[in-house]
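In what comes next, subunit A is part of two complexes: it sits with subunit B in the first one and with subunit C in the second one.
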Partner chain A sequence: MRNKIPVFISAFVGIFMILKYFSTYPAIKRVADELEQWGVITLSFSIVLGVLNLIKINLKAVVERKKDWGYKLLLLVSMFTMMIAGGVKWYLEEVRGRQVNQGLPLAVHDSLFDFMFDHVYFPLSATIFALLAFYVASAAFRAFRAKNLHATLLLIAAVIVMIGRVPVGGAIWKGFPWLQEWIMTWPNTAGQRAIQIGAAIGMIATGLRVILGIEKPYLKG
Partner chain B sequence: MTERNDKVGIWERWLSAFVSLDRRWIFLIVASVVVFFLIVPVSMPVTVSEQVRAMYETIEALPAGARVHLSIDYGPGSEAELWPQHIAILRQLLEKDCKVICSSLWTDGPPMIEKAFTVVVGQLEKEGKKKVRGVDYVNLGFKAGDRVAITKIGSSFKETFPTDYQGNPTSALPIMQGWDTYRDIDLLITIAVGDPGAVEYIQQAQSRYNIPMVAGVTAVISPQLYPYYQSRNLRGFLGGLAGAAEYEKLVGRPGYATRGMFIQSAVHLLIVGLVLAGNVAQFALWSMRRKRGERL
Partner chain C sequence: MTGTYDPFVETLGVWLVCFFTLAVFSFLYRDNPIYKAVEHIYVGVAAGYYFYQAFRGTIYPNFVLHVMRGTRAIVQGQAEGWTVHDGWLAQWRWGAAVLGILLLSRLVPRLSWLSRWPMALVVGAFAGLNLTGFAKANFIDQIAGTMLPLAAGGSAQALPFWPGATAAAPSIFNHFVLVVGVVTVLTYFFFSTPRTGMLGKMGTVGIWFVMMTFGATYGSIVLARISLLIGRATTLLDANLPKYGYPAYWCALLVLLAIVVWRLKFCKDEQQP
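For the complex of A and B:
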């Protein structure tokens, strides 16, 4: 019974989601809409689950003074600070805002949350992303070596796209932007399409296996 | 050992050192180039690509009052590439008096929406064009659920977002009156960094409701969108900072992306130069070793 009920639920949901795509019958649409709403609510709970898991794992590491426990403590402190700041912003907009804005919430842009987002989270995230440029430069220098025919083709395509994609390419030779666009429009599109069609067929097969109860990934772990 | 060292000339030692150059030297060179061109700005003519022009023309063809769903699916991490696109597109939409309905599938998306509204609405107000929250634009906030959330948004905006980012009931907002599904939307735009993003919107919303769609994505995502542009699922798209610079040229307001173009050009040239030099050095090294009869 423990195995049969999940299989029945996944088959029921899967069939209705497929039927909604192909049918205009109102009853099917109503059931599928309701299931989508449940899906959104269930997935929202996964965020709560993720946060609880994060607290459990990191708190344990801090209490037991495991390796890098200081970073884990910092993570927990940062997470709770942002949570509290978010709660304060909600209070200012929902509770205080309604008192001064004829019963309607008010947009607040100078709360602690906004300060932390703009002056801590924003620059830190941007910095991490910017580091990619350095790693890409270093990795390209090491990896793009013409060791065989395939590597040489990759190297030539990469050089043309990298130069043709930026304005300096057109300034060096007018053909670079055209050549870059040709590579992206034809060989790249053909490759991407092949990958996407392959992935889609795989997804259909996996979907059918789940609906028919042949594959039960949700029962694992 | 000594005999081998005698055979290895100074050139070979130099080439060998260059081929296995410490990555910190590369980091230093990249940083120097970026800082130099930040201090000494150089402008470059930007050539507009076909897909960027197509995106511009799709938005330009919208009538005043057209409903546009602008999904902001990125956070501060990709601000360098996507913020210029976001600002240029939002300003064009509000200037054309479109009704802009913003939402996000990324947790850190809603504050980006708020920041962009503050900037663009502020700019327009200075020019005497007043835009009202809840009437001309709205921030519906974040919705969890990735692909499921997209299908749910498509079947009912008001059920998916019962309140906006500030907590106002969406059913009471003037901008939300008289419509509820993707069938009532004139254009779908996503500015996205990854998954969920443009591809997921095409699969779950554009193809299902057959709505016109355009997208702005990071340079690394843009190769994935070419098949969808060719099949006309996408009417046009912007790829990375270069796409944003092309768009800034079309809207006639060169900004952050246009200024960043020369820095990006310089770094691209530097990487290409390093790659080519690395290959030349590697070949020279191989040839020297082969001449000595060493196995490679």
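For the complex of A and C:
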């Protein structure tokens, strides 16, 4: 039962998803839509699972005063603050909002949740990604060496794209913006398209293997 | 920013933005307590944000509101366009919640095998959806998009260099580049037979295209990251106004002092990296 039922569920749901695409029969579409919603809702619970796991691991470290427990306490405090702020926003918009707005949700833009999103989550997220600029530049310094024809092609394409997209490129030579657009539109599209076709073939094969029960990733762990 | 706040809250927000931005940049010196603290705050806030999004964006509308509407239809005989029959059909959605709760059994090792059922549902659903979705968008549509005219005729231009031509304008030469690129790159990734003779030559041309693609992608990524970096610098400059009390200067000083104190007091015996 532990192994057979999951294989049956996976095959049943997968077949309905394929039938939904090809069939015009309303009952099949309705069942497939419902199963798709089940999948979306179940997937959302995986975030709940992740959050519970985060609480379990970090709370244990804080209670047992393990190494760096102070940082883990900060993590828990910020997480609970954001969750409570989210709960308050939901209440203001959905519960109280519907009472005062003829049954429709009300948009609130100055809640603690919005404040934390604007002034904590967004700047931290953007700066962490911006930090990668230094590492990408350092990696480029090591990777862009014209050792052979292949590395030279990589270097030339990257340099033209980088120079052609900034105003100074056009100031150096008017052809740079045109050339970078040409590389992005034609040779780059050709490579990306072939990679996409290859990935799609892999995806179709993996999907079929999962639906037919040959591949069973959900039985692991 | 999405919110509009009163002046005090706005000033507090600007100070927070400056502090968090500079605290993250302190990592460029080396891993330090200020960076570690804001890194943990980021993980916590992100977890809280995604938890809210999961509830508000999916569980609440697709389960709670759906079932409540169905229940109202059953109790009142008809509600918001739904009949009693629709109301009973909506109650099937409880199955999704039960499977969602079964997913949480992973936290209890003795019962963790129960989480295979919801996992199987998710994997099966997305395998089926992706199978048809990828087959259409990434396979058939891409092949169809590569079926381009390769001979001059009508108004088609042979070369892409006529006066006023944009780089993206279709021409026989550009079509030729695209078709040859797709076919040769696919040949390069075809591992079922040894790449000798004609196949080998096509594969060689294919790898030239792959290298140009990777170079162009890498160049775009470098520019995107630098653009983000400029964005953060602009944010600091825009926030560093007298009406806010020059928060960028003060926060920079605070971060610097914290690093100096930490370096002198707690890392005396450590060697420089």
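In this section, the second predicted complex is superposed on the first by the 205 of 221 C-alpha atoms of A that agree within 3 Å, B and C clash if a C-alpha of one lies under 4 Å from a C-alpha of the other, contacts with A are read in each partner's own complex, and residues count from 1 in each chain.
In the analysis below, a residue touches a chain if its C-beta (ideal position, glycine included) is under 8 Å from a C-beta of that chain, and two chains touch if they have at least 3 such contacts.
Computed from a predicted structure; not experimentally measured.
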| item | value |
| --- | --- |
| Which of subunit B and subunit C A:L208 touches, first, second, both or neither | second |
| Contacts of A:A130 with subunit B and subunit C, given as first, second, both or neither | both |
| First (subunit B), second (subunit C), both or neither touched by A:V120 | second |
| Subunit B versus subunit C, judged by how many residues of subunit A each one touches | C |
| Touched partner set for A:A171, first subunit B, second subunit C, both or neither | first |
| Contacts of A:L106 with subunit B and subunit C, given as first, second, both or neither | first |
| Touching partner for A:S138 - first (subunit B), second (subunit C), both, neither | first |
| Which superposed partner A:V88 touches (first subunit B, second subunit C, both, neither) | neither |
| Partner chain in contact with A:A146 - subunit B first, subunit C second, else both or neither | first |
| Subunit B versus subunit C as contact partner of A:D33, first or second or both or neither | first |
| Contact residues common to both interfaces of subunit A (with subunit B and with subunit C) | 21, 36-37, 39-40, 43-44, 46-47, 90, 94, 109, 114, 117-118, 121-123, 125-126, 128-130, 133-134, 136-137, 140, 155, 158-159, 162, 165-166, 181, 184-185, 188-189, 192-193, 196 |
| Subunit A contact footprint on subunit C (complex, rising order) | 1-5, 9, 12-14, 16-17, 20-21, 24-25, 27-28, 36-60, 62-63, 92-93, 95-97, 99-101, 103-104, 106-107, 112-113, 116-132, 134-135, 137-139, 142-143, 145-146, 160, 166-168, 174, 177-183, 185-186, 189, 206-223, 225-226, 228-229, 231-232, 235 |
| Touch list for subunit A against partner subunit B, complex | 21, 29, 33, 36-37, 39-40, 43-44, 46-47, 90, 93-94, 97, 104-107, 109, 114, 117-118, 121-123, 125-126, 128-130, 133-134, 136-138, 140-142, 144-146, 155, 158-159, 162-163, 165-171, 177, 181, 184-185, 188-189, 192-193, 196 |
| Residue ranges of subunit B touching subunit A (in the complex, touch as defined) | 21, 23, 26-27, 30-31, 34, 44-47, 49-50, 75-80, 107-108, 111, 114-115, 118, 133, 143-146, 148-149, 151-152, 155-156, 159-160, 165-168, 208, 219, 222-224, 226-227, 230, 242, 245, 261-262, 264-272, 274-276, 278-279, 282-283 |
